[in-house]
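Structures incoming, each one as structure tokens.
Shared between the two complexes below is chain A, which has chain B as its partner in the first and chain C in the second.
This part shows the complex of A and B:
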């Protein structure tokens, strides 16, 4: 079953979302999905590039797609939805020859085309599968109520992202349910958290992330599982700012879904990296698991 | 709602440029308001996204390119996903800020500065150096209080790198930017 796929961690994977990277690597290794690092990968350009120019944005992403092609691979997995969008958009836009010609003009080596980027969530769903995930569980997440939050661009727009449902995605819910967690219906699954406005417009993030935390409390979630480094940062690191702006008192743990998977797979604490989060999920987690026993 | 004199103010070239650069037919918009209904940023916008679309149809270049809204759109793709006429509204918003940049307009200057600081970091190192990006932004804007409260929260976590992760091919990435600037000026 061991299939290989190129792995693009994204810049935040080396910094503010280190624990997403380490838990992703550990979970994929435990489930037999072989992630092959892309040598000397560079930034995809993220939102700042596409807000400046679409050819520039595609060229920054296509440099990495070409590196994947040079590895003899046709697909890359990335944990970050923003990287995912940029890599997929670049590949898609380069299917039009006039656009690709403009992109190639900016690159040292032209992009050969045809490299598909998928999320780690999609790779786990399609290349590993729920049955394998289920049979690998060592510590079921029984008794843990999780709201799965996908973020705004993981599945949108559907024509480009081509995975799961764009209004009510279920891939993360299905995986965490397979690990024994009680996934609660979460109506704001795909609402935006405020994205990269945390630095230039913290008031905007406080309002939008506050709405999400409020909804998670409202549906009785013990924690909010996320799949995006920026969502995680807004909901966790900025939770104090949210509380100050809204006069609220949230203390909601916001782990990556891969960290919860890693708990269920009995992966070592250093790779799970709960100590890297601001609101520590461990007290709530041990309480939930103890009650279930 | 303002009254617009279409005979006097309609900028035909602007409408064509938006359509060409976004690949969208803006005349398909029939003002159902679905995009605005789903847009999480309407509370922060000066002009709701559906009205931006209407103003584009009406060729109101100056109003559109001077708006704050085009700098506050996060490309969350809600509008694009829900448009009944399959207009890629988020792409139109993206193209409008490309055009605003070229006109030297940025109605929410700190957003532009943040994005530029991000791209400067990529250009210098090949990857984003998060702490360097923040310092660059604070230096450029003088907003020295930005995220001061987060320092004590994040520093003990040991995940914020103090040095950039320069890649070997960083000159290649820098050349992408140089060629882009050359192409844009030619």
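This part shows the complex of A and C:
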């Protein structure tokens, strides 16, 4: 039954979002989705290359896509929306022959084309499906109120990403609901968290991420589930900065949606990696699950 | 034959890139051409007089005009040659404007191509024969499809002009969208007060037959003699017996169904009369919610009905109406606001359409005319109106302006202030479009006297926070972002073609555009005609229109019908197919391919033959290319004529 897809963890997956990577691998294994590592994968061409040179950025991405093609696979899944954007953008730009010629000039092996990049969220939705997810649940997330936050680029621009509704996406909501969680209608699902402004303008991030946390509290969420390493960092690591800047007192856990899935699938703690997060979700989680029992 | 050729300058339209004098001179070399000249404007009075004079002076027996498309002026020139005593079919047009001068800049090439087109026209004309139209009688009854204000006006004007009118309405009452409005711009007079009397006139007019809760099933025939099958949908109430007393509605136990008349912001009973002024004021059962139909037992309405009108076993009924003309006045529907996911329409109860807001304002609406927001029934203080939701938006495939939203939004801000004096209205707009008598003054009044705050810019998103709706958008005049805490958000949903419009167009054999709006015959000069004889348009089925425009078109369509019916006999177009009975082998292929069912099988001396029904044939020519024997020929476009044209072109 196992379906195979190439797996591109991205640079965050080796560092700041290691727990996203380990939980993704564990969840996909438990659900029968076989992730095949890309040998010798390299930078996706995201910052800073894409701000400087589109051809260089696309070439970096295309190198990885060609590696996938060499594996005999037609699709790659990545947990990181930034990687996803760049892989898909490269594909899109390479549809224009003159652009692709410039890209191929930079590559040892020209890109043959035809490799589709999808998010792990899309792969779980389309290749595994909600029914399988539902039937695999061991510990339902009953009683846990989750606000699903997709970030600004997971579904946008819609013509490029071509998955889910770009203003009101539901894929993560549907998966966590299938795992028994009570997903709350979170109105700011695709609003900006401040992204990479965390370094040059932390005040901007404090304001924007503060809005998201405030809205999550407002709709009664126990935690905010995310799908993007940068969003996660802004909402979790910088939550103290948000509180200092806005005079607030948020203590909102911000786990990756794959970590919550892993809990429901009874996956080992070291693969879930809750200890990597700044605001520890475990007290809230065990409290919610206990009340539900 | 003595042929005259007239090459038109069309001002500089043709002469700018075609040497017309050279074209005229070259024409003199063509067979049987005895006279050729260029002329400034062939269609003008002196132009036509010149043609007539030449026919007389030179004893011409056929005329070629090289000018524009025949769509506009072929009838003009045919009348001119007829005035000079020729048969009107002894005339040909060469289109050297749309096909030559407007599409190419090379004067020499254009001139040569024009010469070729004239050569072709001459060869066709040499094989033209005089044709005489035959006459047929007209059934002076008219059908109006759609009982909104445009259809009502068309029906009343036709009926007052002495015609018998059949009005077909899809809903259980006439009135259309206008009946749902509270007040109308720019006078702020009550919509039902001005529409109600017209609706009553329809009900009482001796010349009008109303089929409500009915749809057009199929249409056969042709101008003057249409046969229309009308499906009268089952109402499960015998309307002969129903008095509209409403006792059934009071007792109906199924009370919580979304009320279509109230745009689904209020409940209604399964047996229902949509509104107090309904015409006809008769009850209809919705079998999808009625307990008698869903659960198989209830029967309360049958018990309480004082006249025993309830008939649960009623079925749809087809009636045939014979009419001579049809006016389509099927109106519009609203853009589905749930498609704009960033505004949350359909997800958040306090994000509503402008038409839903009308129902909240209306005294006969679900809140009795008190503005209460749908979520909690509270009176809103801050109300944000967003313009152009599903209008002027390429990303939603709605690039056109719906035309009336700017005005009704201004009206709604005025009414809001009247209802709730301490309220504040905000309007996010792209441009204010108010070209109409007293219209711009009206929008200014909304701002200056009623204090509506107009913000030029689009809204990026609407989301709930606590019991407020946060509206975030741009103020492009101030160059800033704005966020407004609103209690209620009203979206000016754009107009789109009525549901089922393309299907009806196909039944009527008229064209429609890519959005489903019906195509008029000419965008400026024939706004209520279609390219199908005897079928006319009124109101928003042709494109979004406000009330004055719709009423104007209703009257215009009625005038067209009255003019058509002013003659007892109509002339049929003689450019139709004819069967050469000697060559016809009776294979029947033409009968199968004819899209108009205009060919029938007859017996002639014991043999099967095809015969064209003159009045039904539209002259499309499909049969002529089907016939294996070449026995069926389209008059004025015979195989010989077309081959002669091809020969002329290939040998030039």
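As a convention for this text, the second predicted complex is superposed on the first by the 292 of 293 C-alpha atoms of A that agree within 3 Å, B and C clash if a C-alpha of one lies under 4 Å from a C-alpha of the other, contacts with A are read in each partner's own complex, and residues count from 1 in each chain.
Throughout what follows, a residue touches a chain if its C-beta (ideal position, glycine included) is under 8 Å from a C-beta of that chain, and two chains touch if they have at least 3 such contacts.
Quantities reported herein were computed from a predicted structural model and do not represent experimental measurements.
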Touching partner for A:195 - first (chain B), second (chain C), both, neither: first
Which partner does A:204 reach: the first (chain B), the second (chain C), both, or neither? first
Is the number of chain A residues in contact higher for chain B or for chain C? B
Name the contact category of A:187: first (chain B only), second (chain C only), both, or neither. second
Figure out whether A:28 sits in contact with chain B (first) or chain C (second), or with both, or with neither. neither
So, A:241: does it touch chain B (first), chain C (second), both, or neither? first
Is A:41 touching anything from chain B or chain C once the two structures are fitted on A? First, second, both or neither. first
For A:218, using the defined touch cut-off, is the partner it touches chain B, chain C, both, or neither? Pick first, second, both or neither. second
Residue by residue on chain A, keep only those touching chain B in one complex and chain C in the other, then list them. 166-167, 191
Chain A partner, complex, touching residues on chain C are 340-342, 344, 347, 461, 463-466
Could you pull out which chain A residues touch chain B in their complex? 11-12, 14-19, 40-43, 45-56, 59-60, 63, 102, 105-108, 152-153, 156-158, 166-167, 190-192, 194-204, 207-208, 237-238, 240-241, 275-278
Okay, in this complex, where on chain B does chain A touch? 40-41, 43-44, 72, 74-78, 80-81, 88, 90, 94, 97-98, 101, 108, 110-111, 113-116, 118-119, 122, 126-128, 130-131, 134, 137, 146-147, 149-150, 153-154, 157-161, 165, 167-170, 172-173, 175-177, 179-180, 183-184
In their complex, what parts of chain A are in touch with chain C? 165-168, 185, 187-188, 191, 215, 218
